[in-house]
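What follows is chain A paired twice: with chain B in the first complex and chain C in the second.
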Partner chain A sequence: MNNDREPSRNAIGFALPLLIVALVWQLVVSIGLVDSSLVPSPWSIGRTMLGLLSPEPLILSYLVTSLYRMVVGFVLGSVIGILLGVPLGASGGLHKALKPILDFFISVPTICWVPLLLISVGMGDATVIIAVFLGCVFPVTYSAMNGVRSTRKDLVWAARGMGASSSRVLFAVLLPAALPSVITGLRLAVGYSWRALVGAEMLAAASSGIGYMIYAARAFYDVNVMFAGLVLIALAGLGMDYLVMGTLERRTIQKWGAVTKT
Partner chain B sequence: MGSGHEDMIDAKGAAAAIEIARVRQEFCRDGLPVVALDSLDLSIRHNEFTVVVGPSGCGKTTLLYLMAGFEKPTSGRVLVHGREVEGPGRDRGIVFQDLALFPWRTVLGNIAFGLETARMKREDALALAREYVHLVGLEGFEKAYPNTLSGGMKQRVALARTLACEPDVLLMDEPFGALDVQTRRLMQEELVRIWETRRKTVVFVTHSVSEAVYLADTVYVLTARPGTVKGVVHVDLPRPREAPDPMVMAKRGEVLSLLESEVRKTHLMQTRPLDDAWR
Partner chain C sequence: MSAFFRHRRLATADWVVPIVALLAVWELISRSGIVDPVLLSSPTAAVGALFDLAETQTGDGYSVLLLHVLSSVGSLALALLLAVSVGVTVGILMGASGRVYRFLDPLLTVLMPIPGIAWAPIFMLWFGFGMPTIIAAGALAAFFPLAYNTATGVRSIDSRLLMAAGSMGAGRREVLLRVCVPGAAPSILTGLSLAFARGWRTVIAVEMVSASLWGLGFMIMEGREYLRPAHIYGGIIVVGIVFLLLEWLVVRRLERTTVERWGMRAPVEM
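For the complex of A and B:
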């Protein structure tokens, strides 16, 4: 799992080990230790990626399509997850009744839903978006619930003592107090959702998306394209985690001292 | 102080600001019933500075939470301004042992919380909050988050946040317990200064005898659990009360002698090591 990556790690420290792996890999392929029709060299993967940019920026349009599906599904899933998780955390009864159900669904790998969705929703964007949604809604619900449940009692009492109503306690105390936990859940959810997206695109996207590109390439034994897609998926996943989640974390819970950067 | 923002305060002609009558409080710990307070009576006058001392675990905090309305007594009555306490309310402000500052709000945001809650306009709330920043001497730190502040500064924020709601009763739960000796003394001086300018009924819980005598008009000494009133010491000495003053030392001796046997009982009751009971 790569969810505990710290955003403050500098770029060189991050890129150097990857660069060394790429160099060794290049060497191994160049001297013919492995079959380059099964494992292409980094150089040839790079050339393939550039080739997919012109004459048409095919790879970019696939990436944009994938990101669009990701964003729609993820935003919906996160918002609904928080909306579900907060009352679940705030009410002991609801929590008791619904936690087993949540535990059940959280242990279902998201990709398991895709065959069902193919029957009920069919091929296309909707199925992929729903898969992304399902990838994040459960971890986000869970983390929002735990965040609210673990809110210090004296914070709630302090607010009540200052005359805060139940809704003010909810919005001005429980929600922000749950945020460190919610952000941890969101980071986890980005990983789940992104994996779900790629899997769903392989099975359900008729003609677009990075997952589709990889899967379609098998028909032509085009391992270069497969690896190009793989690299792009990794880079996009990293980017989302670092740029979106990392920024969110730095602007909120790190500033408050709820987590310390290392 | 004109704090007529709630009608319930009109019950003031009554003799006592806070009246605790035959209070018993039980709770469960590990499935076993524990009696925290028993047959507890006390009566606190308007604008009186009352300090409650007692051995650890004697129910001092429970007593404060009863007044604040966070807990309900198993039996007996808790009256504030002649009214039975039904729940938390703005007429009673509390400063918690762990301060309970909102880490996601700045110093100013914390102090303005109660004012915003009272549906005050945001700019009015912030302006008034600034006055309280000034009162506790935190100018220049308005935009700082609590995690960047020292213990004494956090303490000031917590006090200002509570005072900003203009409660008639100020409840303080060992607020200076975590501070170093120097800062603690400074905060005690500050508290007396603020209390002398904005008179309020204060109930202050501590287990420091010197703190009790420094601050209080009246010191209630509680017994070991189940807590009840062991004795009352009236400290009718002018402030500030400095240690070498033989009158101050005499009052300390009076409180200490009431407390000592109770602390010893607590030791015998507890299976924990000695130094732990002193915390």
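For the complex of A and C:
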């Protein structure tokens, strides 16, 4: 989906529609067509964000906390996902035995595990990090497994025929062949983890993080803070998807000419 | 049910054995007492909790579990109805006009990474607690894949088909309904299956936070409040099973009766 979009997109073409919408939105609120206590204007959202920045950089510290949880959970989840997925793809028996279980786990929304974590681990960082981990471990396992399984059989046979050992087949043939699928899977997993992070922070973050900020604002009916949180979530989400994962994709699989589209 | 099994082209044993094995190991671990029973209840306890919930009746004599399931599925259905009608319309406009595409693409790109649950506090303020908020958040989450995939589908239609229809005297309406929509159908269905998954996740998640009284998300959260892990595990099992059933019975059936029968490419899954 994401990958199918026009590559020829310049900064002005991207920013102009956003500016137009912001202007119209500002006008509609200023004229009083909508209640500004329900829909704040872009201007007041911006002022709120500055207010959360200036005496002490509250919003920044929330963002850093959220990103820290995201990175720890995501790195753990992707490493373990790849470690699980490769044997699942390489061994027919393991695949047969564990695929139905993986199918089930992948269809359970990550947030469903949070109440269990709240009972066992309690509020705080650990629960959120585990939720992020659970958000990405299954999709990454899946994509690593599929990548290994879809390796062309003739390549494996050729390597075997030339006397490569099993471990050499794994490292020289299967893993490189699985890489495009793994990287596409990682990019998807960023989205899953990000959603898990925000959801888990709303339910389980004791006192910090962007999800916590939005959820806490509910108690004061503070729409400005809620929208400020959404802006941060959108910016951080975009940053991770386009800057980090997009760059990774361009540097690796696109450069190698092995673009896989989902 | 038989269609469900046949379609997977797997012998029943192929997936029954692993699942039963998993349940057996889980039962053994929880019976052995290695893990605190407050944290890990056994599968039999989870199923027992589900039976209890199924047998508990409301004042009107309805099964509590059934009402939770129906509430979640009903919210999802309404959310998808909204998302399909708006998403496909927007997608067709984006696919048909480059200008609309260039205008809306940045907006959707910015809004799409915001998880549905993050809108919940705002929607609670706008629409009130419970169903309206759940449906609105579910619809919003489901809207994006539908709009993008419809747009991609419409853009990928062979322009010769459009010209042929035009030269044979088809009006705009006819071109739209008889060429664009069927031509984009495989893509729209891919969008629908993504929207279905996103919508379900969001509905369950928002049920947990929006102070609703019904729904599987609420049921799971209730299990947490009363420290009843068996209810939570039972809830997770039901959420997974309902999703898989709906996926195979509704989404896959729709694919089989339309695009696959028309001989168009079966949509890619993810």
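Everything that follows uses one rule, which is that the second predicted complex is superposed on the first by the 245 of 262 C-alpha atoms of A that agree within 3 Å, B and C clash if a C-alpha of one lies under 4 Å from a C-alpha of the other, contacts with A are read in each partner's own complex, and residues count from 1 in each chain.
To be clear about the criterion, a residue touches a chain if its C-beta (ideal position, glycine included) is under 8 Å from a C-beta of that chain, and two chains touch if they have at least 3 such contacts.
Please read all numbers here as calculations on a predicted model, not as lab measurements.
Of the two partner chains placed around the shared chain by superposition, neither chain B nor chain C is touched by A:243. Contacts of A:223 after superposition on the shared chain: chain C is touched, whereas chain B is not.
In the superposition on chain A, contact of A:79 is made with neither chain B nor chain C. When the shared chain is aligned, chain C comes close enough to touch A:107, but chain B does not. Shared-chain residue A:33: touches no atom of chain B or chain C.
After overlaying the two complexes on the shared chain, residue contacts for A:152 are found with chain B alone; chain C is out of touch. Look at A:160: by the touch rule set out above, it reaches chain B but stays clear of chain C. In the superposed model, more residues of chain A are touched by C than by the other of chain B and chain C. By the touch criterion stated above, A:15 is placed in contact with chain C alone, chain B being left untouched. In the superposition on chain A, A:120 makes contact with chain C only, not with chain B.
Here chain B touches chain A in the complex through residues 68-70, 87-90, 92-94, 96, 98, 100, 102-104, 113-114, 117-118, 145-148, 161-162, 165, going by the rule given at the top. Across the complex, chain B is touched by residues 152, 154-155, 157-165, 168, 172-173, 176-177, 179, 252, 255-258 of chain A. Residues 1, 4-6, 9, 13-18, 20-21, 38, 96-101, 103-105, 107-116, 118-120, 188, 191, 194-195, 198-199, 202-203, 211, 214-215, 217-218, 221, 223, 226-227, 229-230, 233-234, 237-238, 241, 262 of chain A are the ones touching chain C in the complex.
Per the touch definition, chain C reaches chain A in the complex via residues 14-15, 17-19, 21-22, 36, 38-39, 101-107, 109-111, 113-122, 124-126, 145, 148-149, 152, 194, 200-201, 204-205, 208-209, 217, 220-221, 223-224, 227, 229, 232-233, 235-236, 239-240, 243-244, 247, 268, 270.
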